[in-house]
Amino acid sequence: MTTHLIKGARPLGGDAVDILVEDGRIAAIGDSLAATGAEVVEAGGLIALPGLVDLHTHLREPGREDAETVETGSRAAALGGFTAVHAMANTDPVADTAGVVEQVWRLGQEAGLVDVVPVGAVTVGLKGERLAELGAMADSAARVRVFSDDGHCVSDPALMRRALEYVKAFDGVVAQHAEEPRLTVGAQMHEGDRSARLGLTGWPAAAEEAIIARDVLLAEHVGARLHLCHVSTAGSVEILRWAKSRGVQVTAEVTPHHLLLTDACAESYDPVFKVNPPLRTEADIEALRAGLADGTIDAVGTDHAPHAVEDKESEWAQARPGMLGLEQALSVVIETMVEPGRLDWAGVADRMSVRPAQIGRLAEHGRPIAPGEPANLVLLDPGTRATVDPAALASRSRNSPYAGRELPGRVVATFLRGIATVLDGKATR
Amino acid sequence: MARTPEPARSPSPGSAPGTLLTGADVARVIDRIAHQLIERAASVTAGRDAPAGDATGLSSLVLVGIPTRGAPLARRLAARIEAFSGITVDVGTVDITLYRDDLRLRGVRALESTVLPDGGIDDRLVVLVDDVLFSGRSVRAALDALRDLGRPHSVQLAVLVDRGHRELPIRADYVGKNVPTSRSQQVRVHLAETDGVDEVLVTEGESQ
Amino acid sequence: MKRHLLEAADLDRDDATLVLDTAAQIEQALAGREVKKLPTLRGRTVVNLFYEDSTRTRISFELAAKRLSADVINFSAKGSSVSKGESLKDTALTLEAMGADGVVVRHSASGAPHRLANWVRGSVVNAGDGTHEHPTQALLDAYTIRHRLGRLDGVRVTIVGDVLHSRVARSNVVLLQTLGAEVTLVAPPTLLPVGVGSWPAEVGYDLDAVLPKSDVVMMLRVQGERMNASFFPSAREYSRRYGLDARRMAALPDDAIVMHPGPMNRGMEIAAEVADSVRSTIVEQVANGVSVRMAVLYLLLGGAAQ
């Protein structure tokens, strides 16, 4: 295995040091380290962070390999600075059995660019009717700990209660897609002034908040862990803050796009901006940023959702919801949180690596940059600004909401257990 | 040595340079055309069934102005004809915008009124009235419009100024003033109804 | 004027007035003529792309285009490649290859004309998109009001009914405000969109309170199936609270008019005796639709190709 000597990197934005990576682990950290035969990476003041962990990625394989595969999605993730991604269960077939989650896990191992951690479906076929074999998935080679019907809400309160209880047996967590389905029939965008004018059916904030409120009460009642996918409203942040103050074991993620974009994007009727939950208002963005800054929101989850061209180049209502996120997530966090001074680099590491790894129970990720720890690292140049060109993305799809937008930050190198998956800003495989 | 048309001279002392017709000139020219119309109406309609008691043929006459400035000119001609002959002649306007062949070149513009006498124009002597006769394309458009509006007995053309440079086989039957111009010159007709003053100017510059 | 007419907000006050004036001149030019045809758009191709059945709107646009001598191609969803799953974009590229100068589009999806406008070079005219807008309907309504009342500035227009699902209401609120009228929306709260407070209109729930202060009452079609989704309890209750009958019509000022974009549900939102009364402009609206659409086509397609 190649030995890497990273010269002059700044862990969490601190002083520049050299980092020696050997046998997949950090062997030494110090000034003017030398190692014969090591491949030298001149970091020249780049920020070093623990490899990022995404709790919410759609890799589309099996089923929609025309939109993304485990391999192309893994490459996009590595280029975004990730060393682990949780692959959502809404594939075809649905990842609701040990067989499917093991297949996805194996594909991830073969690609070898990030650790692909399968998420298991909560209910059979994501239908919300009866529990999938959660224990079998937990016991499989994929060691599933996060369960989600993402894309669908586990809306039946009794079923949700049982799921929360059941996964306690193997320290699992249910990641809820909070959307009261009866309140969002035909919903196309955030319900407010703009939806009224654009004639697009509204997706009320209350439809998210009602489920979050219900589920934190259920989690408290049964003493279970609950994770909330892609919270998008100021009201959700309020409920979370309240629940955490009561000691409920609830965690939550926010997507990069909900930190940056508003429902004004819908005015173009370009479905690249159609996403579920929908883009909200300036006030929501402000609440989400504040929640992420103070830790009420634990993590950034990309909800990377690749879609084939024909599923996006259409009428708004016909288009599928979702947008790419892996390759720009860190840039958006720098733009919305770091540059305005709301999060320092330790904070970025916490929200994008440490806490998501803890939520997913990934022992080898989200670790400190210290000798003896797994060498899962990302080196980034925070100052470089570049315009996003969808054609240049590693994802197989092109539905980036940031197309044409200038964003800061460039991932220069990513190391997965000591192996460089990205060097000089390019994937190594 | 190539000959260029002479610039128009001032017709009367004291008028501004480039003035082709003063207000008084315009009035005189309209009077003359009115007299010519009275004479010709009788001969053009001779032998046709004129209403009883109309020996002049003027009851057959319809003056149809081409907006913008053809419309007030037509009304003035009618007023002078009435003053000279005591007979009220019908007046109308026909907007030619929707018949133009240069919309694609010059872009769309606001429309103006098309108003015809109650009896229409079938079997009558229609005299189109315009301010300036230039390429002849406006008149052609007006002829196309008239074809859709009815079937006149005959159509004639009266203009205040004929400045030459015809692009179509069209000529005027009544001309206030023939003016040799160069293509680059502009002939501007101002009338009290539309511009606050009666005058005809020639200016240098791109033709409109 | 902008190249496309996608929504009422594409027209500023000058543009909107130009459309109405042009429609009036066209109507005058064609009045009483045997040959109701103008050569203006000879050689131009207008495609009527209708993804929703709407015979009256399609015929109105078709007549308007034909009276301007344009070549008209009707492309309806039924029996075409559209129903075989061809995407809007592929259809747009087909139209583009055929050299359409104008595309009149009716679609059940809000914003479909906006998408189309990205993909074709010709002018796109929105003939109704989902629950978004129907700008030519608003233009013909404004034309009808101006024709009947002689003005738009300061005219008090009350729009009654299913505002939530109405593209006619959205276009009218924007256009009438642009033209200086004062709009009041009256509906059960369930049929008003969340966010209606940001519209340039007053909002009320009591029809009887508003009628004496209305110069124009515009009744919107209410679909009976709405009551199955609990927007209101029953047709009878809706009709009693928000229907326009002879008793309510009597509360209107003397010269007030009653409008309806059609098709009507007689006995539901409007009583037959109201629809057929002298105040009703419903038939005029249909006739005015052709003149207004001719004006729109002339102003968008008559000039230089872009």
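Order of writing sets the labels: A, B and C. Residues in every chain begin at 1.
Please note the rule applied: contacts are C-beta pairs under 8 Å (C-beta built on N, C-alpha and C of every residue); 3 or more make two chains touch, one makes a residue touch a chain.
All values reported here derive from a predicted model rather than from experimental measurement.
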item: Intersection of the contact lists for subunit B and subunit C; value: none
item: Chain closest to the middle, measuring from C-alpha centroids that were averaged per chain; value: C
item: Centroid comparison with subunit C (C-alpha atoms), farthest chain; value: A
item: Between subunit C and subunit B, distance of the C-alpha-averaged centres to the nearest whole Å; value: 41
item: Inter-centroid spacing, subunit B versus subunit A (mean Cα positions, whole Å); value: 77
item: Whole-Å separation of chain centres (CA-atom averages), subunit A against subunit C; value: 45
item: Contact set on subunit B toward subunit C in their complex; value: 95, 98-99, 103-108, 110-115, 120, 144, 148-149
item: Subunit C - residues contacting subunit B, complex; value: 18, 21-22, 25-26, 28-29, 32-33, 35, 37-40, 68, 298-299, 302-305
item: Subunit C residues touching subunit A - in the complex, by the definition given at the top; value: 87-89, 107-112, 114-115, 129-133, 167, 170, 193-199
item: Of subunit A, residues touching subunit C in the complex; value: 188, 191-202, 204, 268-270, 310, 313-318
